[in-house]
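Below is one structure, written out as structure tokens, with a few remarks after it.
As written, the chains take the letters A, B, C, D and E, and residue 1 is the first residue of each chain.
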Amino acid sequence: MMEFAFYLVAGLMLLSAGLVAFRPKPIESALWLILHFFLTSTLYVFIGADFVAVVQLLVYAGAIVVLITFVILLLNLNPQEISGGESIRWTSTVLFLCSLGAVLFCLHISTPSLLEKMPAPGSSFGSIEAFSRTMIQNYSWSFEVAGFLLLLALIGVGLLAYRRPSTRDHSNIENKSEAA
Amino acid sequence: MDASLKILSGVAVILPLLGSCIWFWAKNKIGEKITGLAATGTLVISFICCLTLFWQIESSARVEFFSWIWMGSSELVNFSFLLDPLSLALGLIVTGVGSLIHLYATGYMHGDEGFGRFFSYLNLFIFAMLMLIWSDSMPGIFMGWEGVGLCSYLLISFWFSDEANATAGKKAFIVNRVGDFGFLVAMFCIFKAFGTLSIPEVLAIVNSGNLDIVQVGWTQWACLGLVLGAAGKSAQIPLYVWLPDAMAGPTPVSALIHAATMVTAGVYLCCRLQPLFFLNPGVMELIAYIGGLTALFAASIAIFQNDIKKVLAYSTISQLGYMFLAVGLAAPVAAYFHLMTHAFFKALLFLGAGSVIHGLHHEQDMRKMGGLRKQMPITFWTMTIGVLAIAGTPPFAGFFSKDEILHIVSGSHRGLLSNIAFVTAFMTAFYMGRLWIMTFFGKSRGHREAHESPWSMTAVLCVLAALSAFGGLLNWPELWGGNAWLEHYLGQVVTQMDVGHGADALEDSLKLAGFSSLMGLGALGLAWWKYRDYQTQDFRSPAFNLFKNKYYIDEFYDAVIVRNLKRSGEFLWKVVDQGILDGTLNGLAYQAKKTSERFRRLQNGLLQGYALWIWLGVLILMISAWSVR
Amino acid sequence: MEDTTILWLFLLGKIVLFFSVVFGAVAPIMIWVERRVAGLVQDRYGPNRVGPFGLLQSLADGIKLILKEPLIPQGVRKPYYLLAPILAVVPAALSFAVIPFGPPTTLGGMFETPQRLQIANLNVGLIFVMTVTSLSVYGVALAGWASNNKFSVMGALRASAQMISYELAAGLAIVSIIMLSGSVDLMRIVESQAGLWHIFPGFLAFLVFLPAIYAETNRTPFDLPEAEAELVVGYHTEYSGIKFGLFFLSEYSIMTTVSAIAVLLFFGGWNLLPGLNWADIGIDIQNSMIGTLIAVSWFAAKVAFFLFLFVWVRWTLPRFRYDQLMGLGWKTLLPIAIFNILIIAGFMVFA
Amino acid sequence: MVDVSIAQLLFVSFAIFSIGAGGFLIRKNAISLLICLELMLNAVNIAFVSFSRLHNNESGTVLYFFVITVAACETAVGLAIVLNLFRLKKNIRIQEANALRG
Amino acid sequence: MQIFDYSGVLILLILGVLTGVGAILASEILGSRRYYPRKDSPYECGIPSEGADNTRFSVKFYLVAVSFILFDIETIFLVPWAIEFQNYLQSGEGIFIFFIGGLFLFVLTLGLIYEWRKGLLDWNQ
């Protein structure tokens, strides 16, 4: 039964990924993206990584896609401006398909050791205590660097997105250009 | 004794050089008159030095100044003078005639804004000429040779503002350079053969006689080179074209340089290195024939020239032809004698023509002259003496020197050359008569009133007239009771072919002299008959055009040499330089640009294009990593 | 181990209990309580016509909403318009999955080993709650954007911005509590409060957490986005009928979840009193049925008190202006939360 | 926990990655590009976690964590750039943003 | 027995969706139908709506969302630190864990201060 569940989830994931990539309207692809992240977190649950599943939901589904939705709402582009006629460019499609096939072929005839079932994980695999012990023990330094990276991103966005409004404070984007 | 010689010769040479530097800017400082007199003064002083040297030195003396140490091995080139009869005689003529012409020039050039410049060039010329005839080493001579060439160029194109003068100066300079090339080749061969360039040493080795075949071979080439150099400098057959054009310069220049001094450098050179020429008689023969042909050729052209200075120029060429003829027939003394007399009467003729031109306000075409007998009496009488002298009438200098040469030529039993010599003598007399009659007799065709030249010019004419009248005394032949002073004087240095002193020799010489003087007078009578009432017409025969246009030699040279040079230059410039060198360079640059252009298109700013390439790269990486597994 | 069927039955029982209690009972009662308290505060009677003391009033409203016309205004982006209420309700339902409403019990012998009284005892419980609250933003954003009315879009943006910023403050407060209890599992957090409730060491955290949960549910001091006066009821202006009801339902259920979390994190869940435990007064909450019931009801009382607090605050505090609201969120609560983490860390390390 | 072989997981991860890359190459507007980018990063995460599960070692998940931070920062800055692009060109078609070319 | 718990979550999820969809379907079926145009126009306190309906909005909202993401990730990073805090405390390395958390928090408060000073956080319109 679990086998079937895994294939179902994997299939749905691929389907939603396809929809995300190829639906014309960005808002639609954003919503499909949320579904895709839900399915990914269930995949993580199947694998046994609980904490990662929740974090996936919290960060990806809960924060990043929110930002994307916000931008789509903010820009409020009229649909044809955003989507535009999505003429499928044959070169990229062909290339993409053949690369997919190539890698699958390599994976398929690769060493048989990859194919047999994975052993059951240790009792504490995936739990948050195990995760945090590994992280603080081995990766404390990159923990700090990640913090610094976040700071940089913050400053970057501060510089890029926000220009101090001129005396006439029209803070909405539409006439930001005159103000800027 | 040596110290005094050193001082005298030093002063004689250095003074003109210093002078040339001073006059250049002195003109507007100390006025025209004083500059002219001062320049003439320097010449007179150096003439006096020459005279004293002439008296003091018995046979020959060698004055050492310094050696160009820094010019490699010291003995190769040293700055010293060889004062022997040859160089002293010519030195006297150069400084003497030079000072006379300087005096004449003060009058002639009066009022010309380049007055100071003119005299500085003349003094420089004198310095160079003295260096040429006095220095004892070939490089020294060559230095003089070049200096003279330079001054002739500067003086010919004196009025450089006029295009024709400038091109004439260039033409003279280039043709001289061709001659100098010959001279250089000669120097190299001599150095190759004898290892030294000092003339006394070379002559000593040659006279010592023990030369191997190789050295003789080299001397042959040297002689050929010398002949080419002499022909270039003395305007002989192949390289004479520059002299007629050189008339573009002021008349004193023509008189001094293109009549008396520079053109004789060739003759002096051949006499100086005569032992060398004796080694290869073929070259002597060549010189003789060149001389003869040039004489005949130039005389034929002179007959039909209407410009007075052109006529005199061609007559100079033919007289030089005579001198070369004499040198060719191993009669350097005769050549020298003719050279000296020629200097006197040709300078006289030129200065006379100068005063005529001066009088007629720069009118040079004889067809516009005529009847100047009454208006310019002194010029007329001095010119008559000159014409008679050159025509070879007995009492004058020309008769003796030309007769000497004719005597030698007939004595050498060369039928063709003697006939040429006699015909040329007749033609010389005829065209000089024509000139004489057309300028001074008949109605005055020129519409301007001619006035006599000032005293400074006429006095010089008289002196020269006297010299050309009594010039013959220098070498009165013994056959006629003379002491042949020049022959003995020069005999110390050069060997003269002996014509024989027997009784029949006297008889022959008297017959020859009578025949030549009769021929001269006959030619003058013919000219008188032909041009007495000369209006405008001239001979109308088809051959006339040929003579009139100087056998189209200039056009021929132009077509053969100049145009080819230009074309080859063009070819080198266009094909080789532009085509090959620049071509390859620009080609490479162009190719680089083309290929970079193509690559530039790869980077077309499309974000997804770049992503595609990255994706391909990753793919290839994966597959290769997997395959190498 | 128990055989699985009983466990499954127990699980379904818990789910049914949750649905009936939260969606069925707590929400309508809360609505009634709110309107009654509002009336009393404004010196008037609340709804008292329908049923005894008007208790059935909210039930009547529910039925009315269902019967109203499913109006879909013109120019609205239909698919998202309908999707929005669903996206609002789902997180509300999910949020209750991890809340333990009682001590681990054997229900008077039904089970050999004490079972957990929570629908899903994930060991990442607390973070799951945070995830769910951040997911509730979608409902609001989509509702505003889909209803094609510039006031509702404005309201939706403001509401979501507000929820987002206060979520941060709540998150950091929760981090300090995690530091105190050393674990993320709610059950263990409650057990760690047996001796001393977290309210005492983590008082600053509670000071941050309380306004955060009010802002998160868009309740009174922070209900500017849907304030009638300014923005025409905010993002669910264009919704009528049951769709509006769904928004209301999700709001109240999140309110109960959040107050339950507050009780669990700060007020020791079902522990009797900070110093005193059930065992001390002789009640065996683990095995005896009655003990468990007493513990659960004690927990429910605490949650009720918080719910009452919601209502109480609503009718006493004036509404914040938007910039004050955001300023409070970013410029005061967030720094205090960060400072609080440092204080607790320093306190634990050096004291 | 469902027992599934690493190959299957890798297949899923690569498939999603390819879809994301394909989308990235095909889509025309900037926001879809960023969304596809998220897809690609998500696929990478799946691979990380599955390998972490294969070797029963938590460092895979920790790396997953850092990939998430990078993804978040990248999206934030990316969208800021898209905002500026929009402000500048009033549309966010990628073809038109090709000033940086040779 | 993780599956047992997650199935609980799954069931709740499904129930939530069902209540939503069910409610809407119920009102579709039971709702009465009376149509007239005024009901369809967007409701603006009765005033007919005017002005462009797709007015753009301040970039502040975008900045809030970005700050939210970055600080959210900070919270998530702090959770494992918080969990490990007590273990390191007992094992005697309290200073080390405190220093790590402190530096991380300090870096991120720098970000907050930057935003504060730059005026991203004040909504004075």
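The rule we apply is simple: contacts are C-beta pairs under 8 Å (C-beta built on N, C-alpha and C of every residue); 3 or more make two chains touch, one makes a residue touch a chain.
Computed from a predicted model, the values in this text were never measured in an experiment.
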Treat touching chains as neighbours: how many steps, at the fewest, connect subunit A to subunit C?
1
Using the touch definition from the top, what's the fewest steps needed to get from subunit B to subunit C?
2
Farthest chain (mean CA position) relative to subunit A
B
Tally the contacting C-beta pairs at the A-E interface and at the C-E interface, and name the larger one.
C-E
Could you say which chain's mean Cα position falls nearest to the mean Cα position of the entire protein shown?
D
Which chain has its C-alpha centroid farthest away from the centroid of subunit D?
B
Can you work out the whole-Å distance between the CA centroids of subunit C and subunit D?
34
Between subunit B and subunit D, what is the separation of their C-alpha centroids in Å?
97
Distance between subunit A and subunit B based on Cα centroids, please, to the nearest Å.
102
Note: subunit E sits from subunit D at a C-alpha centroid distance in Å of 22
Two or more partner chains touched - positions in subunit A:
2, 48, 50-51, 55, 58-59, 62-64, 66-67, 70-71, 73-75, 92, 95, 99, 103, 110, 128-129, 131, 133, 135, 146, 150, 153, 157, 161, 173, 176
Subunit B: which residues touch two or more other chains?
608, 612, 615
Of all residues in subunit D, which are in touch with two or more distinct other chains?
1, 21, 25-26, 65, 68-69, 72-73, 75-76, 79-80, 83
Could you run through all the chain pairs that touch each other?
A-B, A-C, A-D, A-E, B-D, C-E, D-E
Which residues of subunit A touch subunit C in their complex?
27, 31, 34, 50-51, 54-55, 57-58, 61-63, 66, 69-70, 73, 127-129
Would you mind writing out the residues of subunit E in touch with subunit A in their complex?
2-3, 6, 54-63, 65-70, 72-74, 76-77, 79-81, 83-84, 87-88, 97, 100, 103-104, 107-108, 110-111, 114-115, 118-120, 124-125
Subunit A - residues contacting subunit E, complex
2, 45, 48, 50, 55, 58-59, 62-64, 66-67, 70-71, 73-76, 78, 128-129, 131-133, 135-136, 140, 143-144, 146-148, 150-151, 153-155, 157-158, 161-162, 164, 169, 171-174, 176
Within the complex, subunit C is touched by subunit E residues 4-9, 11-13, 15-17, 19-21, 23-24, 26-28, 30-34, 39-45, 49, 51-53, 55, 57, 60-61, 64-65, 67-68, 71-72, 75-76, 78-79, 82-83, 85-87, 89, 94-95, 97-98, 101-102, 105, 108-109, 112, 115-116, 121-125
Residue numbers on subunit C that touch subunit E, as the complex places them
4, 7, 11-12, 14-15, 18-19, 23, 65-71, 73-75, 82, 85-86, 88-94, 96-97, 119-122, 127, 130, 134, 147-154, 157, 161, 164-165, 167-168, 171-172, 174-176, 178-179, 182-184, 232, 237-238, 241-243, 245-246, 249, 322-323, 326-327, 330-331, 334-335, 338, 341-342, 345-346, 348-350
